[in-house]
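After this come two complexes, each holding chain A, first together with chain B and then together with chain C.
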Partner chain A sequence: MTDLLHAKRPVYPLFGFAAALIVFACGLAAAKHFETIWYLCGVWAWFLLFGYYRSCLALLPAAAALCALFAGVTYAASQSVEEVWTAVRRCLAVCLAVLPGISLPAVKFTRALSRLKVPRAVTLGMMIVLSFAPLLGREIKRIREAMRTRGAGSLLSPKVLYRALLVPFAARLVNISDTLALSVETRGFCTGKVPYTVYHPVKAGVRDVIFLLGLVAGSVTLMVFCFI
Partner chain B sequence: MTAVELKNVRFAYKEGLTVLDGVDFFAEYGKITLLSGMSGEGKSTLLSLIAGIIPNMVEGELHGEVTVAGASVKEMKTAQICRRVGCVLQNAELQIVFDVTEDEVAFGCENLAMPEPVMERRVAAACAMMELDPRSKTRTLSGGQKQRLITAATLAMGQKIIVLDEPLANLDKEGTHTLMTALGKLAARGYCVIISEHRLDMVMAYADEVWNIARGKVTRVCDRRAYFAAQAEAIVNTCPAPEQSAPLLSLRGVEKSFGKRLVLKGIDLDVFAGERLLILGQNGCGKTTLMRVLARLEKADRGEIRQFIDKKAGRRAGKRWFAQVGVVYQNPNYQLFMPTVRREIEFGAQSREYAREIIEMFDLRELENRHPQSLSEGQKRRVSIAAVVASRPKLLLLDEPTVGQDLAGLQRLTSVLTEIHRRDNNTMITVTHDMRPAQALCDRAVFMEAGKIERTGGREDVKKYFEAFAPPEER
Partner chain C sequence: MNKKNRVENAGEEKERAQSVEKVSAADIDELLGASAEESAESEEKSEQGRENAPKEQATERKKSFVKGGVRYDKNGREALFQPFTVKDVVFLAVIGAAALITSAVMPLVAQIPIFGLPQLVTGLQMSLFPTIGLMKVRKPGSVLLVAALVSVLELFMAPAMGVTSLVSALVIEAVNLALFRGYKKDAACFVSGMLINPMTLPFYYLYCLAFETGSVFFRAAGDSPWVAVGVSFAVLAVCAAGAGLGVLISREIRKAGLMKK
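What follows is the complex of A and B.
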């Protein structure tokens, strides 16, 4: 997940999470109805209006590719154009549900959870997992490179894969986690019931409430239109 | 006033290795105390004792008394000690958790439950002191900036005692000046700063007190100039000058960027067959990038690189290329993967007999049945060099080969590399910050600055280059 997609002013993380759930549920439930496409377009525009333009625009080619793939598979399986449109609407609903997540800096989410008294071990653990992914990617790249320099470049041999890639990788993992554990502890982190504060705490504001209410109103309208 | 005091301290790790044996040491408020000594002598162990990492997080047998800010560490948990002692560990890159600089700096303040306005002030002050932009993304920072970030994260917590374990490892001259000046200001404001560092050339001038650690004992250094001279004693070259030869590698106008940062700026260089070329320069000047480009681990963006090592190797960095070009990494952990030291060296060796010879030459006989990953960093370094050298490469690229070696080990390593060079007539390119073996590993030196080759020279120029860092009498 890249921070290039992060919104400058994302909505309150838990509202964003709720919005994702609502869009996902409503989009899938009403996917068979043609009108759902207007609802999904409206949701996309709503996100755009609230400053999610980076992820909204980045989503378009990915959504197009995913829709084309599922449309092709669905048509091959059912030979029905109606089913194809249903599959496309489902794909779009899933893509839109992902949008608040990819636009949100992880630290905002964990700070929102911290205010709700979620244990610090959980929130810090989430942060570390998120920061670990790119670090591990870099480590694997370095080890692969070192393997080549020692003449152990092929990954097709299980022996080479185990010895030259997995052994140094495991050793590095232990080293990294030891260092990280020491670092957070010497910076005062502990898991017991000790007081702590939150830097730049994340709170819900009027803008966030308007965002969620607008989305709920649109979703209710869709449900009424399709099912009542 | 004494901030930290160790009285008759003995410490042995769980595995039985005694590192400190009857240590008496103290550090005062208002001073920068430098702890110097060879790698593996126990500098980090001593700092870990002061920071409470030992015995709270690292097990071992501890005797004697360690007092920090008037209280014994034996009676305190890490959470209590870290409120008195700020600790900057090695490997800054591995310690960063947050995406944005200010969030990383604020982490310690959050843990100490500081009110938000206080945190705001401290984060801003620590970032300003370390010359960091609070809004910058942590993943885009250079190695030196990451080191300053972790230091800022500790300084923001506001403890009056600060210990720093080799904080200059990734810093160039300017970065070092920034950090050491900031620490000097803290000392002037009454802080106790304890710094462990082996780059005496960079840090000696800023230190108020100097202690040496060797063979489990810590002694206070009175004659700093004599001490510096003894530590910096150069190893004598024993290799005759190479004969005039044809180039093995030829670089013209080579450029390399990472993102928007141009790291190599029009490099023109010929590497001649059979010579020992030394690359010198401050951190971040492009030495390692140049080595990686020469090793074909990075592709140049512009310019021409011609090789005359093996015509059939073409332009690919494949098996054939690395059979001729040996690369020794700065961090040996990446290159060691066999179950024993002996098999590690046999892996690339031309024959078992030659592997045996290399084991003897590098004095690895006693370690030959050990797992390479179980060795100390200095031993790993020796094994990784031996394993690469065993394949008898025509071109040997060594990135900081002497890190973690004590003086005797350094002399032996230098002599073995020289012996192999003389016997195989290989070409050696070495990058080092270590002044002691520099002249003995050099026929010709290249001096780099800000991505360019400023000049080339011989051993005398290498000597002058390192002498320029000799410390002034007093800060």
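What follows is the complex of A and C.
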């Protein structure tokens, strides 16, 4: 969701969305089979080939850490090595499914949905949800700093949590949304049924179709190997 | 003379009545947001004959209008389903983002084979933030809008959660309309906010039953049903606490003058 991870030329957003669903569904469905690991490696390479190298590389340490955590928890719960490998493959499938989402600039997704005549309330809301993460992180940091300055005490105390964190945080959310709404309205956004222009329409090209077809072909091959 | 006067008076009265009718029709058209051309057309149509009159009346009856951001029904009363303004959408989106980001701990417990554990971990934030949103917006469909925004992102990460969030939001809206007819009362906001997370449990179970019988949670529910029941009650309790906190925080913010309509 941060700008650093965005791909320079991401695939058509809805194809990216479909890719996430396909990888997730196939990865989880075939997690018990050993062949799935080759499929997941192939998907990672496929993403890398289509310009997702930043998020692909950033994913490696995060996926390794998560896999280690899940493997530990699963081994503690089941005492079975086979279960551990299944958990690792599941974790990798989830990590890879997240990849198109974190590499996609919010505005491209919104433009693609706008072209499909999705209601303005949904596209506008989605753009805000996608681009709000860094802002929210900064706000929480500021509130924590204010708490430290005032010597508010530990967050483990329910009273401190409520009075010094939750109330100021909610107040900040209200303030931010008011300012954001005003800013959005002055730029001519409205939720009614009025015609609007998309200045940079996002269209699916041959490259996008090849990307999706390659992924579908890989997924079908995996399903054939594992279940037929 | 008297007869002449009477005829003249009658003519004046007729003219007045016609002018009053015209003015009221124009006013109604304005309220309905119809253009001047449309109103002229409608007048012409009304003169065409009585054959079409019942149909026109029927279409006129169906019309509702929006004035000052509030929708009124055919009788001029405030309608049940209000349109969402930009301010509402932005606030609900911000609230949805806050709920989603603070629920990022969910993947850490995703592989622990206890049914309902992810819902338990995210229960507080997933009920607190939407309740604050409902307390401010107070329009039917708010839960559905938040769920739609959140579930699209969830679909990227966990399709099962995305689907179940949407379905449970639909059910919550139906329950709210049946019990409270909107979010005017704080109790309505509390109940809907509290149900958002626990409602996903039965739907998630059904989803697993249909598509993911090998899922960790599905097997956990089958292996130890009493643990699943206990965790489900714990989820309900945590969500009730979250929704209660949401109502309290909203009241405080409103008292401070920050939460304006």
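By our rule, the second predicted complex is superposed on the first by the 180 of 228 C-alpha atoms of A that agree within 3 Å, B and C clash if a C-alpha of one lies under 4 Å from a C-alpha of the other, contacts with A are read in each partner's own complex, and residues count from 1 in each chain.
Following the convention adopted for this analysis, a contact is a pair of C-beta atoms (placed from the backbone, for glycine too) under 8 Å apart; a residue touches a chain by one contact, two chains touch by 3 or more.
These numbers were taken from a predicted model, which means no experiment stands behind them.
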- Quick one: classify A:A171 as touching chain B (first), chain C (second), both or neither. both
- Query: Is A:A58 touching the first partner chain B, the second partner chain C, both, or neither of them?
  - Reply: neither
- Query: Between chain B (first) and chain C (second), which does A:I37 come into contact with in this model arrangement: first, second, both, or neither?
  - Reply: neither
- Based on the superposed arrangement, let me know which partner A:V184 touches: chain B (first), chain C (second), both, or neither? both
- Have a look at where A:F24 lands relative to chain B and chain C in the superposition and call it first, second, both or neither. second
- Touched partner set for A:T74, first chain B, second chain C, both or neither: second
- Message: In the overlaid three-chain picture, which partner chain does A:R150 touch, first (chain B) or second (chain C), both, or neither?
- Response: first
- Query: Of the partners chain B and chain C, which touch A:I128 in the superposed model: first, second, both, neither?
  - Reply: both
- Task: Classify the contacts of A:R90 with the two partner chains as first (chain B alone), second (chain C alone), both, or neither.
- Result: second
- Note on the structure: Footprint intersection on chain A (chain B / chain C) at 124, 128, 167, 171, 175-176, 180-181, 184-185, 189-190, 192
- Note on the structure: Counting only contacts in the complex, chain C reaches chain A at residues 83-87, 89-98, 100-101, 107-108, 110-113, 128, 132, 136, 145, 148-150, 152-153, 155-159, 212, 214-215, 245, 248-250, 252-253, 256, 258-260
- Task: Quick one: which bits of chain B touch chain A in the complex? Just the residue numbers, please.
- Result: 51-53, 57, 78-79, 82-83, 87, 89-91, 94-100, 102-103, 106-116, 119, 123, 137, 139, 150, 153-154, 157, 295, 297, 317-319, 322-323, 326-327, 329, 333-339, 347-348, 373, 387-388, 391
- chain B-touching residues of chain A, taken from the complex the two chains share: 3, 105-107, 124, 127-128, 131, 134-135, 142-143, 145-153, 163-165, 167-168, 171-172, 175-176, 179-190, 192, 194-201
- Task: Within their complex, state which residues of chain A touch chain C.
- Result: 17, 20-21, 24-25, 28-29, 31-32, 66, 69-70, 73-74, 77-78, 87, 90-91, 94, 97-98, 100-101, 121-122, 124-126, 128-130, 132-133, 136-137, 162, 166-167, 170-171, 173-178, 180-181, 184-185, 189-192
